[in-house]
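First chain A sits with chain B, and in the next complex the same chain sits with chain C.
Right, the complex of A and B next:
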């Protein structure tokens, strides 16, 4: 059909007709207004703004972790400091304090001063506050990077299945169903045990077992079905919409339809999914690291720090509570932001993660 | 040593509560307190009940209550725990043929818990069965019996001609391929248990095999509990090897976390817990319940084996650098403090025959570790030329093993290595580090004695014959082999049959020679802490099997 129309009118006219038929229902200024309106709506949401501020503060603090470690804590948070001392109340006190009867050793507690051991020491005599900041860098990085991987694969697969249908849809759907069928943590744990014990070697590509890429890739991949399926469903609906049918009738290429019609309509879903998935990924990273199969030493993440404090729950609970609180605040903030974005971008949407 | 004190407290309490007269108290002290139910608790069961297969401390602690060998370790505290006494045999064996023939006479009128009599046929069947059920140590211990090597290669056709029986004289004769000073030790552990002649030649798993001990298993559900009751056919024939036992019933519950176990014992809901007290509870428990804690040194040592056939630790100077740089006092802190561990620089633990204090890897070398010598460590490091080498430390993924690995990483980085720690499952790590195909450079592990012999540390851990390339069962983790030292070890073993004191002197020398070559960095000797309920008295700690449940009194 495209060639017949093309034969009757010039290319320029064809493009104009196509644009007229397939352009969004709203004019460009109105589309811009849609995003502005959404942003304004988010700005008016007080809870969302508190969440944004909290996330910004966390991010800034974590970025400045090396400064804190060198200028404030004066310690390398990745090295054991079992025979170190700290100045408390004008006295040099051992970082690891042995009981008078020789039974039990307790790390120094929080000094609550902006200096060394502000939040106390862990079982290796390391500064908990400095490790918390360094751990935050890793947790946020893993959360963000795995979200990017997850959403990228989800968009690719969801759009391919939803738009092309047929055998492509069936193959992708089966793949997603298989991945979906595994209990999510069981799958993550299985992949982690295999990959983190041995690393990956594919030809010249070598990923070592302690490389951060491994937990990032594992977490990114396991959640793909959870995003790809709603996107596939949305694309299938869009595929049957009038404006997409019009584009097809006018002979627009698949690439053009995907770029101009499908992607812009899926974008809002992706934006809403981003903070929610990041929150989920941060929790998954913490869980895997707590089990010893996520981030590997010498790196630290909030999950590994909780694990470090597991044996100090009775004497120095803050070692576990501090990273636990950091995770709670970050995840709650991301979820609030996700809710606010959902309300702002598509008030009718009912996105749920099972 | 603690027993009389506890006994006196118990008697004092009895006199106050029950108003007992002085003679009654004295009588109770002699007789002990029979009856009651002893309640033990652990985080999990330890697998099969089959005494010829199970190789865990958790069950080696209770198996001697159900089974007997021809000889056994005395059920007692202190040094007596390492003494081998006749058990099902009437006396210690007659050893002839230059230490190659052992003749035992079996006691008469002893029955298994199903009423079957114990016969020489049952003894012979038990040793053949060891090979048929693929006992983990047949290839290293029991293949010394004539025909044993064939049985290791072909268990299904095993006839073991080296075990001869004579029903008329009720004797069992073992013919060995060569003299073995540790043969009696190997007969005294649970692997040497005598089982009924009709016991199937397969792992019996959770099914209790009738035994001759004072107790029998009434119920075993690995996920919940084991219930042990008195064996109706038992009569006490040797108080030293198999005493009658004090509690009437013993219940062993499984499934509580160590923290929950501490709370349960604290509240007297259980009488004894298997798992170590979590370090963050230790101070509180020590402060509140000091009288209910029992601390005993173990014949064991924590060490970091270094692979002597792989870079960088194929270089002696690199190994010496690590050995000098380790601050063993820091490691003691990681293990719970000076009451729970003692720094060491040598292989043999205190209390072991041949042990003579020796410490090279310290400031001011002598008999005791005082402080790391970083200057010397850096000097050796420079000499080795190994700075910048990548090193992976393999640890278990659970503390304290993992914590020790993290600490070692700091030490290696300080020396100039590029170190990282890889924690793997606690169930797998010990076999993983043994297999040379895994190319492990350095690891963290602990070795507990199987029986009290210096060769169980020196020859087993550093003998050429203990290194098996590509095998999960290659306990010489350092892959260390020194022909000169090996010859000395072989000679010391033979010497110990007739001249144990002279042999001990040889072992002392061998210990120092191996230590000087640093195939492993010895770290510390651990101590064992037991936490018991207020109603448990007469706690007996055997260096061989630790807490002896059947000797405990429960009020």
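Right, the complex of A and C next:
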């Protein structure tokens, strides 16, 4: 009986039936490919989309800081304004008010109106709202630039160590371990203190002590091992994978294997790391700036503004709270985005992509 | 089988006492350092047009041997001769023209295809690397290759995860035959597949051999698969070849006790023919390859073992035409 059925169905028919039977059912979107599918997944994540919108709003408003200062606040946020006045409720009020007991002065509080001193003044009589936007530019710039530096070094070192192995791997691993051995803030603080006191003067290369490149470079370097190690591990796994073996069998050059087989797989790791590292870098910048060894005046960042508000905590807490909130919202948004990207791109999740 | 007679001039690939050692354990403390002989002095010849089956339990070194033969592993000792030329120590650059003549099909088709590449890119890869022709020529060739392995042009833009295991292995086969190689080393190409799909893929291998005049080294632990595809078999145990011979001869009259035990373990689907009680159960497990037994590696598990077996390691000896066995007391 069984053999009769077998004879009636040709091998090819059988193959077709079986393949149709065993092929997984897929939505049309799966054919778009890995990146499209991942992007679609992030888009479906509502929290991630809220985070993206929040980050976009922060970024655009910080980019437009000069417009705000000129058109709304009518003030130079980098100049102290100890003798100025501001119109509140039809009355001219001095920006810096003497305390009733005659000891010290208190800056004007927030007007909560879209105009000068919307969020009040700081200890120098400067517009906190305008400074917040300018500070945001610096914080976001330092965060982004140091992330670029960190990821670039991490990718180069991680791939070199993981792909070539041997002595290159040993040397790079030891370098990373040495860097890793330092408590991260201790390293950041000691580097900052040294470099910000003296600047850098190596032959024709002169970096002034107030140059933004210093905090960017310091923050960019200290986290390199934290990214380079996972990348190295991933590349080592990829290096031994069957599809790289297949590529070697085909006679592909190292460069071709790196470009076609390794990098596309490392790229997803990098994308996941980007927002997470940026969040970490923004926090580190704020910490260093709060300690006075990050961004140097005349530049302001969210960290330096928190520091500016330190002695006003009891009278005008908003000076510190506003930049603090800005940092918290940015960092939380970046982390939510990072989580969403990880969920969408995680190599372990790729088999269940559809 | 006539292709095998007096065919020394047609030997395509030859392994001359190939060994592959791996160092395991501590790199720093010498006392903890151990060497595993994954492949231990294997000599083999593959004649053009034949299928050489390599069988053995998992961990016997057959996959390592296969990877040594395509230079995915560097051999520790011995030579690999391809078309009369020693390729054991050729540089990567010098090896490139030879790469296109030796291709490999891997065990796990899911792992051997990069999940980020479309089928088109996977199959075109060898053609691009070896500068097959213009874009349109490569495109046409890719479609042709997909047809040959039983897929269609509709599959070009799809990704590996959209296929079943059998289809994925077909993609891997299309990639391997793209450059019309002389030799294809298939490393357990069907053992990751469902039994129902295995037969189709095995048929595809045989069909391609006929059409393209391929030579196969077919590595498998499944004796029924080997029996179907191989002209000749080499049985491996603990890194060494213990028996070689024409498939029929080895299966009908195994000369090595290990081969006999392996064959007796194959389930027979016909209850009338099932060898009742003739099944030979091997004692114990495969020994640790880092500390192999003395003498004949098989003696602790062999029911015929005698005193000599413990002390003297038998060499692979010719016992008939196309027949070699490494046993002091061969069964035929």
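In the analysis below, the second predicted complex is superposed on the first by the 315 of 354 C-alpha atoms of A that agree within 3 Å, B and C clash if a C-alpha of one lies under 4 Å from a C-alpha of the other, contacts with A are read in each partner's own complex, and residues count from 1 in each chain.
FYI, a contact is a pair of C-beta atoms (placed from the backbone, for glycine too) under 8 Å apart; a residue touches a chain by one contact, two chains touch by 3 or more.
Quick caveat: nothing in here was measured; it's all calculated off a predicted structure.
Asks: Based on the superposed arrangement, let me know which partner A:311 touches: chain B (first), chain C (second), both, or neither?
Replies: So A:311 only meets chain B here.
Asks: Between chain B (first) and chain C (second), which does A:156 come into contact with in this model arrangement: first, second, both, or neither?
Replies: neither
Asks: So, does A:49 touch the first partner chain B, the second partner chain C, both, or neither?
Replies: In the superposition, A:49 contacts neither chain B nor chain C.
Asks: If you stack the two complexes on chain A, which partner ends up touching A:258: first (chain B), second (chain C), both, or neither?
Replies: Neither partner.
Asks: Per the contact definition in the header, classify A:106: touching chain B only (first), chain C only (second), both, or neither.
Replies: A:106 contacts chain B only, not chain C.
Asks: Between chain B and chain C, whom does A:72 touch in the aligned arrangement: first, second, both, or neither?
Replies: neither
Asks: Once the shared chain is lined up, is A:59 touching chain B (first), chain C (second), both, or neither of them?
Replies: Neither: A:59 stays clear of chain B and chain C.
Asks: In the overlaid three-chain picture, which partner chain does A:241 touch, first (chain B) or second (chain C), both, or neither?
Replies: Only chain C is touched by A:241; chain B is not.
Asks: With the touch criterion stated at the top, can you tell me which chain A residues are shared between the chain B interface and the chain C interface?
Replies: Touching chain B and chain C on chain A: no residues.
Asks: Any idea which chain A residues touch chain C in the complex?
Replies: 11-12, 14-15, 18-19, 22-24, 26, 30-31, 33-34, 241-243, 245-253, 256, 260-261, 264-265, 350-351, 353-354
Asks: Help me check something: in the complex, which residues belonging to chain C touch chain A?
Replies: Going through chain C, the ones touching chain A are 67, 70, 72, 92, 95-96, 99-100, 102-104, 106-108, 111-118, 125-126, 129-130, 150, 157-159, 161-167, 172, 175, 194, 196-197, 200, 203.
Asks: Within the complex, which stretch of chain A touches chain B?
Replies: 79-80, 82-83, 96, 98-99, 101-106, 123-124, 193, 197, 209-210, 292, 296-298, 311-316
Asks: Where on chain B is chain A touching in the complex?
Replies: Per the touch definition, chain B meets chain A at residues 278-284, 286-287, 290, 293, 295, 327, 329-330, 333-334, 336-340, 397-399, 402-403, 406-407, 409-410, 413-414, 420-425, 529.
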